[in-house]
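Take a look at the structures listed below.
Note that chain A is present in both complexes that follow, paired respectively with chain B and with chain C.
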Partner chain A sequence: MRQENLKNNRDILLETRNLSVEFPMKKKFFFEKQKMLSAVSDVSIQIRKGETFGLVGESGCGKSTFANATLGFAKPRSGEIYFNGQPLYAEKKSVQEARLHMQKIFQDPASSLNPRFTVREAVCEPMRIRGGFDKNEVERKAREMITAVGLTGKDLDRYTSQFSGGQQQRIAIARALILNPEYIVCDEPVSALDVSVHAQILNLLMEMQEKTQTTYLFISHNLAAVKKLCSRLAIMYLGKVVEYGDAAKIFANPVHPYTKALLSAVLTVNPNEETKRIVLKGDVTSPINPPSGCRFCSRCYQAQKDCADRECVLTEVEPEHFVACPVVTGLKADIEQ
Partner chain B sequence: MKGFRLIKKIAQNKQGRIGLIILLVLAVTAVFAPLIAPFDPYDVTMRDAKGLAPDKIHWLGTTITTGQDVFSMLIYGTRVSLGIGIITGIAISVLGSLLGVAAGYLGRAVDMIIMRIVDVMLVIPTLPLTILITNIFGKSYVVIVLVFVLFGWPGLARTVRSQVLQMKNADYVKAAELSGAKKGYIMLKHILPGVSNLVVMSTALTSAGIMIAEAGLSFLGLGNPTMISWGKMLSEAQSSGAVLFGQWWMIVAPGIGIFLSVYSFMRVGFAIEEVLNPKMHGQGSVKKLWKHMNGTYLDEVFDTMEEPCKTQSK
Partner chain C sequence: MQNAIEVKNLKVVFPDRGRMIRAVEGVDLTVKKGECLALVGESGCGKSMTSLSCMKLQPSLAAVRLDQLCICGEDVTDYTDRQMQALRGSKISMIFQDALTALNPVMTIGKQMDEIYRCHEKISKKEAKMRSIKALKAVGIPDAELRYHAFPHELSGGMRQRVLIAMAFACEPEVIIADEPTTALDVTIQAQILELLSKMQKEKQTALLLITHDLSVVRSMADRIAVMYSGKIVEEAPAKELLENPLHPYTKGLMAAVARLDDDKKEFVQIPGHLPDPADKPAGCYFHPRCPYAATACKKAMPLLTQNEQGRKVRCYEAGKFKE
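For the complex of A and B:
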């Protein structure tokens, strides 16, 4: 049904269909049944060209695993990923080919840059690996990129470990963008940095996107950043997408109880404004052999008796806004009847 | 450039400075042995100068059976000891680190095969097999070096592998993979430089161990009989009854030689490790030496280094 909602297939850069990624758990006994940790389960998402797609959720909910799967680092157990209309995991070669157009910006810039490399080596590494560029071209491009991210040509000869976190992240951004990739995963790009440089890095990312028309998959805890950057977003809980669609619509009208709880935790600018905090009880359910129905039901303040068994499917509550909650969809179905 | 910086750091370290000085003296002695030695140590025709006590002409006396000049023998012995120690140490480091990196990074079948070989090599009793091999293939130094390398690499390969396993999950390796880097590129550009400092350290420590082992083999009569080495000097002193005649200098001289060379290598090795890994500062060198003899030292050093890439950058 959702496929029909698409405006145009050509606009889609990356699409996942019922993507599930599972990791085998270590067995305690030899004859024990193999337990699987379900990191991403049944996720169907479309990322359009040139947009910034936000992926929000608490730690361990499968955001990074999803991103890694789209980069070809985590093989899905079931479901498909299409990059530019081509299935990503069809052959070994297809991952390699797709990766020519992909890059990633990591959470911790200190560990994403080899401390033994100079900035020039680090920034030029993708070009050197790809091969086929002459020396002058590499040098010119390196200078161009390093000035574009706000450092100077002099810095090219210094070691990456001599820079501060914010500067290192700029170098990492320069490296990611040097080959003009179509798709960049930003895996919490500012959460390891000082608060004072958050805005600088985010602005830089937006600036670069305007220049290059790159598509970002933006993973973050920081809802304020997501609100500023993302045009569309998906909210994940325990490996499943619970709410998905236009960012503005989700922020204006959160429907899923988990989304409501998340948004209620955002601080507002006005200190006098009374906000109702929704505080969730308990801990995240274990992702090992999770319940078949709604995965949020054990902590949900709107849960009904049979939530754990009822099927959770993303349902359209308004145009470009999908929610997977048995209560909400149940109500909607009742109204339609 | 980087190698020079490391040497400078070692020289600044109190432990390392002494080691470097002794090592330099020994190296000069070995290289210029013919110029320094007052007599030809291979000359066994001095019938009237057998078993002399130290005097102004023969600084450390002469041997009992052949009348060779002990001081000249000592100086020529430096060549064999240092040569074998350094060559074998380097060979072990190259082989051990390459196989360790391959096992750690490539994983799967490669890892399985290499690590099973390592397991087997580590439980084989070394000395009996060494005796066997030198008896079969002849007592040349080539054979002896090969035997030492054969038994030396598995320990290093195992420790390097455990380090690589931590390093291969680093984000910069992931980033290189994402850019389409081949496995060879990542191993050469990212992984091998990451363990290089540790390999240098283990080279120094292994060389020291090899020098002792070589002396031991020569003492047992398994060394090259045509060359003068410190082990062989000890062996000759013992068989010609130096203790009986009270000629202690024949035993003490090569003993001091062995001690100095091993001690200097150990000092340099410990200094490299202290430079690289400030966490290991607290322990005395006797304690470290004991651990090294028991084969647990390198493991401990590797364990305390959580991120090899970060310690290097400081």
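For the complex of A and C:
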């Protein structure tokens, strides 16, 4: 039944249903109860074809684990992932098949590229692994790709370690796009780079998307960048999605206290603007055996007594805009009445 | 008024694969007492090398030449390493970017903190422990007594940065150099750490040399800003004036490059091109290949850092002439 539904819904590329990923913790004693680190818990989102879907949250909130699960790198404990309407983890083969259409751009290009590879070797590696291309075709495509990302054919013979961070990230993008994947995970592609280079790389990503119609899952903790790039987004906190929906609506009307805090943490350069920064107290709570209710309650400035036990479900506050906070959504309902 | 750091004509050169890299080319810097000076620039522009040279901590291969270096009024130009060692920690100290590599991974943070007190002051172990715990509490670490026995890897990134700040402020130095203190952190933690740093600085009246590549970090903290490009300072001004009216095209570009929430343009504003190869810098103004306002004069000779009528220092022929 569900499968049929999905087949009809052609514009959804990737869908997760109640996805949870857990990692077992190392035991200190043999008889100790096994502790589980819940990295992603109960996440249901849809990524549409050709869009840029933003995933925002602090480090350790499970956004990279979620991305890895959609790439078939982290086996979910429960829940399902559908890629192009096909369940991703049904068989071993289905993961491998789906991966032909997936790529990833990593955070730090200096460590994701082999310094002993020339640019040609790095860019052509995906084609070599896939196989079935003749030599001239590989060379032609490599040249085409490397000029598309703003380097020149001459650079193909230089080593990847000879380039600056921004240029290395361009090489990484060329390498990810060379096989025309349908789905690319951009895992904080600019946070290891200088602010002055951010714009170049983000513009390049947008330009390449226009050309190839690829779908991006864009992971970031910088909301200002996400605002321009993404059509829809999900904000994650400690493995759970706290706000989800249309990007424009979330930015126009942030509802969850955590989203508000994140938005206020974006720094500006305008000297006359007053900062009303919401500084959250404390660090991210440990994801080992998290509370059953709201996971943000220990840092929340709007928390009420029973927040730790109250169940948080994504509720629709307006069309295409979902928030998981009973306090805020409940309050809203009262006002409307 | 006495200056906390005064550097005159600092030059740093080091060899790299058979080429000479001119990392810093004649930088003059003064940090007044109790003031926060921000040194802003892209990676590879020589800002970290400048800060390390101020503490005489430059890598052994690098050759440093300078006319004068004063720390808290003391002329340390010809100090030996041992003489400098007495100053580091007590008069001048440093906060590094990556707390995990700056802290010793096989020593508890308490032990590392005690070391500072025991080195610079003749106090007992017990007293050192007491003061360490007090310092940890001052930077807002909960359960400081328990954390005292923790190893660096047991703390989160924000906590480790707090420990580094506590260590830098331990002996109440007069100057602190903070080299990208928040770059490795998340946005919400970054807000916490910046708030803590400016609170501590105001309380203790410490001079701060803040090094960063992000102008938005600087806005709320710095009294003065110096912008560095390819080994030279291109603009220096009080923070508010510089951000309200940047005179150098590079400063302008850096400001535009910060992604903003209230910006409705479809694309990100970018500075074209990239930093020149430090072993092969262009003739004339180093910025001219990337500069939208470059004139013929810019390609011939490097402009000087001149002061205009309003007392603003800028290194550009066309400074202030161009408009939006």
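Just so it is clear, the second predicted complex is superposed on the first by the 317 of 337 C-alpha atoms of A that agree within 3 Å, B and C clash if a C-alpha of one lies under 4 Å from a C-alpha of the other, contacts with A are read in each partner's own complex, and residues count from 1 in each chain.
Criterion: a residue touches a chain if its C-beta (ideal position, glycine included) is under 8 Å from a C-beta of that chain, and two chains touch if they have at least 3 such contacts.
Keep in mind the model is a prediction, meaning the values are calculated, not measured.
Student: With everything superposed onto chain A, say whether chain B and chain C fit together or clash.
Tutor: fit
Student: Let me test your reading of the model: by the given contact rule, A:R120 touches which partner, first (chain B), second (chain C), both or neither?
Tutor: neither
Student: According to the stated criteria, A:R175 is in contact with first (chain B), second (chain C), both, or neither; which is it?
Tutor: Once the two structures are laid over each other on A, A:R175 reaches chain B alone.
Student: With the C-alpha centre of chain A at the apex, what angle separates the C-alpha centres of chain B and chain C, reported to the nearest 10°?
Tutor: 70
Student: A:D194 in the overlay: touching chain B, chain C, both, or neither? Say first, second, both or neither.
Tutor: Only chain C is touched by A:D194; chain B is not.
Student: Scan A:M206 for contacts with chain B and chain C and give back first, second, both or neither.
Tutor: second
Student: Going by the touch definition up top, name the partner, chain B or chain C, that contacts more of chain A.
Tutor: Between chain B and chain C, the winner on chain A residue contacts is C.
Student: Is A:R48 touching anything from chain B or chain C once the two structures are fitted on A? First, second, both or neither.
Tutor: neither
Student: Is A:D108 contacted by the first partner chain B, the second partner chain C, both or neither?
Tutor: So A:D108 only meets chain B here.
Student: With both complexes overlaid on chain A, what's the closest CA-to-CA approach of chain B to chain C, in Å?
Tutor: So the smallest C-alpha gap separating chain B from chain C comes to 8 Å.
Student: State which residues of chain A lie in both footprints, the one left by chain B and the one left by chain C.
Tutor: After superposing on chain A, no chain A residue contacts both chain B and chain C.
Student: For chain C, which residues count as touching chain A in their complex?
Tutor: On the chain C side, the touching residues are 42-44, 142, 156-159, 186-192, 195, 213-217, 219-220, 239-240, 243-244, 253-255, 257-263, 265-271, 274-275.
Student: Quick check: in the complex, which residue numbers of chain A touch chain B?
Tutor: 71, 73, 96, 99-100, 102-104, 106, 108, 110-116, 125-126, 129-130, 159, 161, 172, 175, 179
Student: Help me check something: in the complex, which residues belonging to chain A touch chain C?
Tutor: 58-59, 164-167, 194-200, 202-203, 206, 221-225, 227-228, 251, 261-263, 265-272, 275, 277, 279-280, 282-284
Student: Can you list the chain B residues touching chain A in their complex?
Tutor: Going through chain B, the ones touching chain A are 170-172, 174-182, 185, 190, 193-194, 307, 309-310, 312-313.
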